[in-house]
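Going in written order, the chains are labelled A, B, C and D, and every chain counts its residues from 1.
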Amino acid sequence: MTDKMLAFGRDILAAQPFSTMMGARLEKFDNDSVELVLDLRDDHKQQHGFAHGGVVSYLADNALTYAGGSVLGDCLTLEFKINYVRPAIGEGLIARARVTASGRQQAVCHCDIFAVKSGVEKLCATAQGTIWRVDPAP
Amino acid sequence: MTDKMLAFGRDILAAQPFSTMMGARLEKFDNDSVELVLDLRDDHKQQHGFAHGGVVSYLADNALTYAGGSVLGDCLTLEFKINYVRPAIGEGLIARARVTASGRQQAVCHCDIFAVKSGVEKLCATAQGTIWRVDPAP
Amino acid sequence: MTDKMLAFGRDILAAQPFSTMMGARLEKFDNDSVELVLDLRDDHKQQHGFAHGGVVSYLADNALTYAGGSVLGDCLTLEFKINYVRPAIGEGLIARARVTASGRQQAVCHCDIFAVKSGVEKLCATAQGTIWRVDPAP
Amino acid sequence: MTDKMLAFGRDILAAQPFSTMMGARLEKFDNDSVELVLDLRDDHKQQHGFAHGGVVSYLADNALTYAGGSVLGDCLTLEFKINYVRPAIGEGLIARARVTASGRQQAVCHCDIFAVKSGVEKLCATAQGTIWRVDPAP
């Protein structure tokens, strides 16, 4: 089941031209957790050499939507909020999202985004968002 | 003065490899308003052919920071919140940001993001965020 | 029509025991704007003599819901975000909310909260929220 | 140490006339967690008999500030975001807040608010906020 969900999730990611350009990879996708990762390239950076806030928020947005989708099926992100807590420096980023509460129609999800430097993870942002089922709830 | 600010803002944008890859252009940058625009390319899209939420949130994040920077100088985005209100379809996106309130240390800014289709603008997202002065306030 | 809406809105406010205890009054309620006001009492304050953040956020929450209700009918607040920009000092508070975008099912609304001191209004908080129609959209 | 912090936290709560009127009690206050509780009274309710959103957001705001204060000392809440996930029904509410990330100047905190009905806790809201040190960081 988990393998099937992961394969399904990767198909969706592959169907997003923006995610392909960004180089994001889905490493986990089940009802308990989502993990979306990115190897940091130079063209992900801002003027100080950190990952651009837009790269971090892209991961948050996408991981939150996957988390919501794990319980709702076809869905969209209504909104989210993100706090940047530390510069995103290192060789990669990992976004881990989870469902905090879900009903028939909506899921409220959280996502932590970690920068990985020399193999050590440090939290660089944290997000909270609302995911909505596209079709009316059964 | 406005021309100088705009040139300065464009230099910063050009120094962000991610913004260069995204193809964003700064069209306005003064104390009253910021306008950051993007011609939509296929690699900005998600699986349904709309601009990816991450593209829209990148514009919001960056335009909010410019708005805060117009009154604070060197600054960073502490956090922001974005609501997606309509699929982002069309030939381009325009993010317009403004300062709602500012003190010595912080600015609270708003940003509206419009999708432009056949020359007609429609609001597709709206954001609110907190920008912080990097150096201690004078 | 406007008078009928205002009377209807006041009936709802009167049916909220918490709003009655808080002493909130609805001064405007139509499709263009909502105005919810409060005369500041000592028991609205925190330890420094300002209005408590919870009083300001109550006004934001309620005014945002009214704004959404003006276009959606029976509705509830899914979520909101509030920035405090200045201590809320004075003889009263005014929350002004408006609909920024609305569809069949949701409305995204903004609210500014002003403190009134010696008759002069100063912005003390600003909020953005998502309001949802209780019944399925027609 | 924990006892001293709790006593200190309770003194602050007692110095907030609004918290006294609301009937909030601080049950835990240390670097690991904050617990702010409320016995639900009729005058905490809205027109459907649930706790008013403003009551829930008051608890979130205050518990987030306590969490930030546990690591920053004298502080204020810059902003927060709250999602309502279930009607708040029952005999009481419990807000539990924690520090997710903190630096010299700011703390990003999360808070879950539970409704307690017949002794059973159910999550009714979840919040994320930014707390700021009042004095310049050492």
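Note that in this section a residue touches a chain if its C-beta (ideal position, glycine included) is under 8 Å from a C-beta of that chain, and two chains touch if they have at least 3 such contacts.
Note that the structure is predicted; figures quoted are calculated from it, not measured.
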Chain whose average C-alpha position is farthest from chain D's own: B
Chain pair, C-D or B-C, that carries the greater number of C-beta contacts: C-D
Distance between chain centroids, defined by C-alpha means - chain B, chain D (Å): 33
Separation of chain C from chain D, taking each centre as the mean of its C-alpha atoms, in whole Å: 21
Inter-chain centre distance, chain B versus chain C - centres from mean C-alpha coordinates, in Å: 28
Per-residue overlap in chain C, given as positions that touch at least 2 other chains: 78-79, 81, 83, 106, 108, 130
Chain C-touching residues of chain D, taken from the complex the two chains share: 12, 15-22, 42-47, 51-55, 57-59, 61-62, 65, 76-84
Complex contact set, residues of chain B against chain D: 78-79, 81, 106, 108, 130, 136
Chain A to chain D touching residues, read off their complex: 81, 83, 85-86, 100-101, 103, 106, 108, 110, 112, 123, 126-128, 130
